[in-house]
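Following are the structures in question.
The following pair of complexes shares a single chain, chain A, combined with chain B in the former and chain C in the latter.
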Partner chain A sequence: METLSSSKRLTVIIMAFVFVGAAALTLFDLRLASSQTVTLVAKRSENAIPLDDPSADVWDKGAPIQVPLSGQNTVPPRGGGEGTVTARALHYDGKLYIRMEWSDATKDDSTSMQNEFTDAAAVQFPVEHGESVPAFCMGNPDAPVNIWQWKAAWQTGTDASVLDVQEAYPNIAVDFYPFEDEPEFYPAAASGNIVVRADRTSAADNLLAGSFGTLTAAEDQMVAGMGAWDDGKWRVVFSRDLQVGAEYAQFAEGDSTNVAFAVWNGANAERDGMKSVSQFLTLEVSPEIATGGGGLSGGTIGLFVVVGLVVVAGLATVGSYLLYTRRQTA
Partner chain B sequence: MAKVHNWQLGREMDYRFPEVHPDRQFVAVFNINRCIACQTCTFACKSTWTYSRGQELMWWNNVETKPYGGYPHHWDIKLLQLLNDANPGGQTWDASTQSDDAPYGEFKGMTIFEAGAAEGKDSAIGYLPTEEDWTSPNFYEDTAKGNPGVPNEYHPEGAQLPEHNTWFFYLQRICNHCTYPGCVSACPRNAIYKRPEDGIVLIDQERCRGYQKCVEQCPYKKSMYRPNQQVSEKCIGCYPRVEGSDPITDGVPMETRCVATCVGKIRLQGLVDIQDGEWVEAPTNPLYYLVRKEQVALPLYPQFGTEPNVYYIPPRWVPREYLRQLFGPGVDQAIDRYTNPSRELQAVLQLFRSTQKIIFRYEIEEGEEIMDTEVNGRRVQIFNDTIIGFDGNDQEAVRISVEEPFHIRNGEFAGQFQNSI
Partner chain C sequence: MLVPTVQRIFFNYQLPRLRVSETLLRQVVQGLIVAALLEIVLLRLATRIGVHVPRSELAADGLQAASFVGSLAFNSASILAIGLTVLLLLMMTMRVRDSVARFGLVLISGALMISLMMSLVTGRAAWDGAFGLAATLLVLLLGVTLMARKDVSTGPRAAVALIVGAYLCYQYYSLSYITYRLLDYAALPPLGIDVLRWGEVLVVLAGGAVFWAWGRPRWRLAGRLGIAAVVGFVVIVGLSSLTPSSTTSILALWTTGMSFFLPSPVYLVALALYLVTVVACFRDKDAFWLGAGLLLLLVAGYMPEATYHHLLVILGVGFLAGAFHVVEEATERAPGTISMHTRH
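On to the complex of A and B.
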């Protein structure tokens, strides 16, 4: 047998790495969003998905993708920066669920004092899924986007609301508020501004936009959202019926659309355009049963252990092959 | 960035939006010399507009003691510092180019918009006041400038004109309903707008999402965040009154609450007509007269570049250098004219707080000379002229003479009063 030429050797090594990589991605159903083909797959969950526990075990069945974020640098106010969101999606009983998970060293969940800004997250879909996706930030006038935005501050007070003055300042002393019951002295609420709606039942808003600066509250508020911060990490779950009125994003089993993510860090005074954003990726609603796609449930440590094992296995394969070919030529 | 003309700076400047002007502009003149810091204005505004939950830190009108006071604390010092950092030593005026169209000459330095651009920022320079900055709104009340280099002591010859060595004065502040508002240019949602009918600047309470970019970029810090509404609010120029929709004046435009209640009679507020971006020449509109013709009333920090529309008659005892920093190069002329008032100015000054109705024009009926004397080596003549102010329907709203009518009350009521004790 003739000697394995160095070019052939290179090919073998590359193939080995491809094998290792593919094995890891298959094993964990892990897709890199930076690649054009990356898809967030929402498979059918066999179990109900609790909104009040974004860390619930059921999410282990959702295949995660790592979505790279970068600072919003297109229009003022610019801001945000590099980061990663781990996104998962499931559907159950006619509802789509999306969970975002990202690192944030501080929990900023109040906007009830001066100079406070809240941690927040959003998912964005084209209202109408077509050949081309809208500009990934805030849509185009002829290709609007449907945005679900969750804010930590919106679930801080009682009844999923912002803190009121006496909660934010427990020692406040005020003689009386003469116009307490007169709506005109609460003009934002009186004019129907959604950021302050008194009947807020969800910490997530349903919004529409057709370009920068056009974000508008949608007529129908039907998006549920709940987040939990634990040990330097936010986990936020969004949920909505798959099928709703045509003016909003639609989902159906077997269909695909696009999804993009955004994260705001309140500690950094991020709000509005000052945010970290992703590109649009594909979101596929699959009729398949969610089985966990290899199970990332063991967490990051487990991931590293198994990836490590696979890499070792791969290198061992390459090594023994090289050894074998050497022996042949010896 | 677009190029717009700022007459207060005597030049073009950069602004986010192209030049657009309202048909009429809300304008006020505050005579600092007469303010007694009673804060009636402050409370008139508070009890009218900001008495509700979430507005506890809000004072759309405030009166602060200069040089140390400020609401929010040190707002102006911080702005001046930011501007100086952006353009060290360059914040100067060239007063030699003064003309009717550029009454203060030309500003050679950088506005908040230009300084922002120079620092590569998307928008104007500015800062967000902290929670503490908004507290104790009248801190440093009546605190005078001491004797430099001598702690805890006032200057031995503290109170000698023309410039006192120990001094303070009251600065009355509301939103300036600027021609080129920092707040409008800051809002990424275009939720702030300037009304075409009167130039009043309002935050659309339905569109605002509480991002507080306006709070950050109003150089006068007159946009404020209301936490329990999750939005920003600001002085609304008492627009229902300015529109004439308050029942008291039967449909004619009415002065704002903070103006109409002023105990010291230091305030006059009205509307000037704007055409092709310029104040329409109206020498008998009292605001036009005071600001553009007689030029005794000056904008506050014109160098910020927002073309503010509240004008001040500067306090005549305060060191000019300090005043020039606040009001620009027009200070010396304004004080000179105010302390040696022309016959017309003497009459116009009577209009302050003489009626709740906005005065659109005045007429003067000449009266006899009642004083001819010398003050500081200058001849002073006073005539008992009568000034008549006309309202929005051109009906007589007020008639008042230079010499205040003098009433002598006899002793009969005093006796009754004593008996009743």
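On to the complex of A and C.
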């Protein structure tokens, strides 16, 4: 006859073994779990990937994933909402390319007027990939994130088509601007605010953050970005060398890291923290060649998946029924 | 030659009966619950609160210590979850007398454990897929087993059906991508996001169904303190969306995996009903396994991010389905064996 004390003794022994095992794993910075999140796979492209054509055919060879977005509701200013972004990734000639695609009924690519806000998109990676994934909202103080942010207005700016005050407000009356060329009267520019940078060569910025309120432009601006709006959809391509300085996210064939996405809708006056965000997913840089397509259509494959699940459900049901009837007769 | 041997092994062999003390099992499950909650508080919650803490050296050290203990709790919980899953599968296999069902169960169990180990070691998509498929089958099997029982009323059937349905929705989203990847197909699986949203609806409905099934009959057991704690928690979660304080992290914690496309009050009501049921079950000495099952499912979340979370789903649904209760009969109520009386 088992007593409570013997049971407790056994429990203590079991827990001691569990603790020792867990401590050993933790000391080696290991987690006894494998990620089961959806994976964005960046395969090697055999063809060059044109940055200026986000709709290029080469992207058909990259496997897409559809990522659910939700409003950023953790810190003010909150905003954004339900949505979906379709992401594809490829790598070519030592560069990683990521394309985001999402629906947006309006093309908002100007911030020339006070009530205009730009459409934008961003991808986020942990600077150091390890067992501990940073908070998906701008990382942690001890686990920073590397963010690539593209803004439609910046692209307009790099296209040199940004409107000046007189163009945005043609009927505005100004007597005169005192000290028009003095930097003291342009405090944002003088303090290096990335939003008003005049020397922008790319519509995408390379940023670092280690929690809310710490977003900073990185010293090295090496991220290229280009977007195109067509028929109610934005397609934006980001590109960067796989290997760069250690203070930024690193990529290598055969390695995996995490990636998260964010989208701003200018028409909804979204800016800063007012955005739609995703959770962290897995990004794998694969040495395999991206062949895309396949012999079967998407519909056929989908049918296979659905039928497969139905068959499996049927088998499980039959098995359970047999189990049940057997028990009844036993 | 081979066929009769296989038949003898799987169909005719009389498996030894496994005797496990219910007290021991409860204590181990309690250990799992403590570790899982510690992991949530120290690892998931602390990282979110951490971003609001002033960046002093003391705070940084504190967060680092919390992160270490949280990792320790995570690994402890994962080890316990693996061990309990093995035990659950063993018990179920030994209980089943029907040869075909037993063979199927051995197949699924073997696939689950082998793919789990291979996924942990290699991290390859094929093993992730095999693990996901085996976990899905097992959860489905446990759910169907409960629904096929005549002694189970409509409430528990509906609750388990919604929980299992939500899990299947997420697994469809997740596994369809793995399938496409293995087939090297560059296209979007059909209805992926739609199914994911349906699953979220099922999660919210499950909150109400769980209360209807198990919370309503015993909600008084939750007591004033229990209900006040639940209401307080839900109010904090609700208010956190209106204030800039660090309590927002609690909201972020609970909404992990949710896209929040339904009105916020719907989620809050569902959470409140679910939590009241958990508290009431834990205060009912005969409903420990229900409380444990519901709590593990809450910890696992709608989108299980890791193998550990899937194991929590298996255990959670297993507890709700009375999987351990079934074993009691197999052991013929021998002294020290499991004695669970789950109220359905």
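In this section, the second predicted complex is superposed on the first by the 232 of 330 C-alpha atoms of A that agree within 3 Å, B and C clash if a C-alpha of one lies under 4 Å from a C-alpha of the other, contacts with A are read in each partner's own complex, and residues count from 1 in each chain.
Note that in this section a contact is a pair of C-beta atoms (placed from the backbone, for glycine too) under 8 Å apart; a residue touches a chain by one contact, two chains touch by 3 or more.
The structure displayed is predicted, hence computed values, not measured ones.
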Once chain A of both complexes is superposed, is A:A252 in touch with chain B (first), chain C (second), both, or neither?
neither
Scan A:T291 for contacts with chain B and chain C and give back first, second, both or neither.
second
Quick check on the superposed pair: does A:Y177 touch chain B, chain C, both, or neither? Answer first, second, both or neither.
first
Taking the superposition as given, does A:V38 touch the first partner, chain B, the second, chain C, both, or neither?
second
One more residue to check, A:M138. First (chain B), second (chain C), both or neither?
second
Contacts for A:L215 in the overlay, against chain B (first) and chain C (second): which applies, first, second, both or neither?
first
Look at the residues of chain A and decide whether chain B or chain C touches more of them.
C
Look at A:R78 in the shared chain and tell me whether it touches chain B only, chain C only, both, or neither; answer first, second, both or neither.
both
Does chain B (first) or chain C (second) touch A:A48, or do both, or does neither?
neither
Looking at A:K61, would you say it contacts chain B, chain C, both, or neither? Reply first, second, both or neither.
second
Set of chain A residues, in rising order, touched by both chain B and chain C
75-76, 78, 212
Which chain C residues qualify as touching chain A in the complex?
21, 23-24, 27-28, 31, 47-48, 50-52, 55, 60, 63-64, 67-68, 71-76, 78-80, 82-83, 96-98, 100-101, 104-105, 116, 119-120, 123, 125, 128, 131-133, 136-137, 140-141, 144-145, 148-149, 168, 172-181, 183-193, 196-197, 241, 244, 248-249, 251-252, 255-261, 303-310, 335-336
Using the touch rule from the top, collect the residues of chain B that touch chain A in their complex.
47, 49, 51-54, 56-57, 122-123, 128-131, 133-134, 188-190, 205-213, 225-231, 233
Which positions of chain A touch chain C when the two form their complex?
1-2, 4, 7-8, 10-11, 14-15, 18-19, 21-23, 25-26, 29-39, 41, 60-66, 68-71, 73-76, 78, 81-82, 84, 86, 88, 131-132, 134-135, 137-138, 140-142, 211-212, 256, 279, 290-294, 296, 298-299, 301-302, 304-306, 309, 312-313, 315-317, 319-327, 330
Contacts from chain A onto chain B in the complex sit at residues 75-78, 111-116, 153, 162-165, 168, 172, 174, 177-180, 185-193, 195-196, 212-213, 215, 269, 271-273
